[in-house]
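In the two assemblies presented below, chain A is common to both, partnered first by chain B and then by chain C.
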Partner chain A sequence: MSATQRGPSPLKALFAREWRIGRRVGGTGSMGVVFFLILVSIIPFAVGPDLVLLARIGPALLWIAALLATLLGLDRLFQGDDDDGSLDLLLMSETPLEAVVLVKCLVHWLLTGVPLVVATPVFSVMLGLEPQAIFGVTISLLAGTPALTLIGAIGAALTVGFGRGGLLLAILILPLCVPVLIFGVSAAQAASGGAVPFLTPFMILLALSLAALAAAPFAAALALRQARI
Partner chain B sequence: MKPMLNFASPSNFLRLASWLVPVFAGLTAILFGIGLYLSFLAPADYQQGETVKIMYLHVPAAWLSMFIYAVMCSAALGTLVWRHPLADAAQKAAAPLGAGFTFICLATGSLWGKPMWGTWWVWDARLTSVLVLFLIYLGLVALWQAIEDPGRAARAAAVFTLVGAVNIPIIKFSVDWWNTLHQPASVFRLGGPAIAPSLLWPLIVMGLAFTFLFLTLHLMAIRNEIYRRRLRRLSILAAHAGDRDLSGAAMEPAR
Partner chain C sequence: MRLAATDLTLERGTRLIFSHLSFSLESGEALAVTGANGAGKSSLLRALAGLLRPISGTIELSPRSDMPRAEAIHYLGHMDALKGVLTLRENLVFWSAMLAAAPGGIEIGEALQRFGLKSVADLPAAYLSAGQRRRAALARLLLAPRPVWCLDEPLTALDLASQTLLREVMREHLAGGGLVVAATHAPLGLAAHELDMGGKMDGEP
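Then we have the complex of A and B:
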């Protein structure tokens, strides 16, 4: 970045832009939470209104709902920029594409992941979870949703440029989300007692998020560059 | 490096494949002949009876499901680093074969599970991680089908293959963890302390037979892919030439 440059740094400007677009277009954040609520409220219709059963499978249900709600907005992560040509500008700019991807993931997480985490305690009550289990699900979602967004960004970068990428994105990404799901749910269940201490799966979950943070921007940037050659 | 690059030219590859395919096909047939004969002669397991013979299809398929992924990873590097069309073709040809062998592994495992464990499917750690591998193969096939431009499809598939390669050990580890959490005792272990030599020899021969079957099919599929690309290029050229003719013809009456 040249010293003569004035104005906000490119990444700050990008953050502000993504934030404005993310909040305006389709309102990914609020839509994600509504989708989350619908998933959580449709499950009792399938398994029956038995609060004991719901409390037992509640953490797993909340995790699956969060996984699907995160996927919801992901196919738009780069698609809008590809449609209006700004992706080419981002690719040509001096700012490393990896950092651009990271900023976009950060905004996606702030607008999708964080609202889900905030809404989780309320929805947990609806599923009859104990306070400890509520704490476990919320904290494990807080630790795990960044990994979901970051892994999803790789899929979004791979499927950029063709119309119905949403379904393919899910097919590509969901198998890769298996570890996050396993450790997220086991951390959530360990919080309300069990054979495994809470910290063991929780630390591995954090490690998965950190590893995704370190690796996913490079993979997504590679995929974006490869799509353009 | 030099001789490898020589074979890497598609026309040289076609010449090489034209005599390698029959040789490999012959080797596959011979190995299958010996392997199947040995498998039928192999003694029945003292616990599992004759069903142990499913192993001679199951284990080689499981070995190939991983071997093919390794082949795809090296081809993916060839695509990303050297941008070689042959590497693209090798990647594309391997994905459905990998899915097929992984499916054989799952299906034979299920058939073996019914008499041994009493159910068609158990959420056992190994089964589950092979299932996830199968899903990744299906995702790759879907990715290949979704992108029309072959070069772009190859690069996208290469990135996804490498991302998958990083993830597969993590998935394996996490599924093992998940399984020990849910099902403490594993139902089944392979033949106690060590597998007896009378069972091992047929297994090795069958493993080789499966590997040569894959190599034969892979070479044939790469060859088909090269032909498909040539056909595509020719039809684009023909359409282009035809277009000019048509526009010429359209011009004529105006003159």
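Then we have the complex of A and C:
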């Protein structure tokens, strides 16, 4: 039997597996967006029907909701594989652990970040946002959520094996997410007018995502190796 | 192929697991690692698989010392590394792709057949019994051929027929020039060297 008959490449197979796990019942796929919906829909009840106020704090609320929704399932990123012994085999595998981390982050973002971005225009209407502001929030979430997932992966790798590492994960990575939050919200607000041109915070947001993309897989893989070996 | 551990000392945290352990194993030989609970059997297997770094001592695979662990060693831990929400077949398709660094293993269908899992192949792994999940984990060994098998209590949860089957599979592996290191409480049921890790219960003399 030859190598070519053996089906997909390791990373494709990993992608398919993570995707299926995320999509099936019991997966964390739809959890984030539902949590996002709950947060955004109860805020107007708490703040009151003041459309001007809601429109002013709307972008910030959406960003905070997105940050928390991303965090929600993140502690399971490696914990599931640790619980059932898969992580040992992934560590032993020929496939570089950095690539494994990257694929897992990609699937997490596709199943959590992208639905948030898609849902944002709808939820923005509930907060009385103007069209420019809706565009600003949506595009800034699209640019910023990859950074949240990737930074979160470092925390998930550090807390793997701690049992209930969810809280510790939040404490570890929330400070690191603050720059993403600041520039995300300022990009969203700059889109609807203001002194700062939209591109200035938006470019920094993109830079944060790219820096996280370059560094996080290595940091997370290092943390996973240190924890186990 | 020869697997040799020389003067191996292992620690976990600050706790000494065992010290100055040596053994060597040639092609076609099996090693049964025995000892009380907590004697360090699993730690030894993890060290062989490269999942624990020894404090001192070496683990060598000769003559192919350049061979990466990933191509040389199958590790079967306590856990079965199966995802409950995926079917058995999906689980095996994934591991077959992940392990397939060295081609030449048997087909997934064949492996399922061999371990009597054909009828449950399309059920989510969470629905299966512990023994069936264990058999699925064992089927992984046949998907990619690797010379060294590190098996941590492979007989756990298996019924008598499956135990016989596992012995048969191990015998074939040994006959093909492979090596088996198995941590076990029950007799392996094949000619094997024995490595007693000792260890005793607290309070025993």
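Keep this in mind: the second predicted complex is superposed on the first by the 221 of 229 C-alpha atoms of A that agree within 3 Å, B and C clash if a C-alpha of one lies under 4 Å from a C-alpha of the other, contacts with A are read in each partner's own complex, and residues count from 1 in each chain.
Rule of thumb we're sticking to: a contact is a pair of C-beta atoms (placed from the backbone, for glycine too) under 8 Å apart; a residue touches a chain by one contact, two chains touch by 3 or more.
Just so it is clear, the structure is predicted and the values come from calculations on it, not from any experiment.
Touch criterion not met for A:V103: it reaches neither chain B nor chain C. Contact with chain C, but none with chain B, is seen for A:S86 once the two complexes are overlaid on the shared chain. Contacts of A:P8 after superposition on the shared chain: chain C is touched, whereas chain B is not. In the superposition on chain A, contact of A:L116 is made with neither chain B nor chain C.
In the superposition on chain A, A:I134 contacts neither chain B nor chain C. In the superposition on chain A, A:V178 makes contact with chain B only, not with chain C.
Of the two partner chains placed around the shared chain by superposition, chain C is the only one that A:A16 touches, whereas chain B remains out of contact.
In the superposition on chain A, the residues of chain A contacted by chain B and by chain C overlap at 229. Within the complex, the chain B residues that touch chain A are 80, 132, 135-136, 138-139, 142-143, 146-147, 152, 155-156, 158-160, 162-164, 166-167, 170-171, 173-175, 177-178, 181.
By the touch criterion stated above, chain A contacts chain B in their complex at residues 154, 158-159, 162, 165, 168, 171-172, 174-176, 178-179, 182-183, 186, 195-196, 201, 204, 208, 215, 219, 222-223, 226-227, 229. Contacts from chain A toward chain C in the complex involve residues 1-3, 6-10, 12-14, 16-17, 20-21, 24-27, 80, 83-86, 88-95, 228-229.
Within the complex formed with chain A, the residues of chain C that make contact are 46, 49-53, 68-71, 73, 75, 77-86, 90, 93-101, 103-107.
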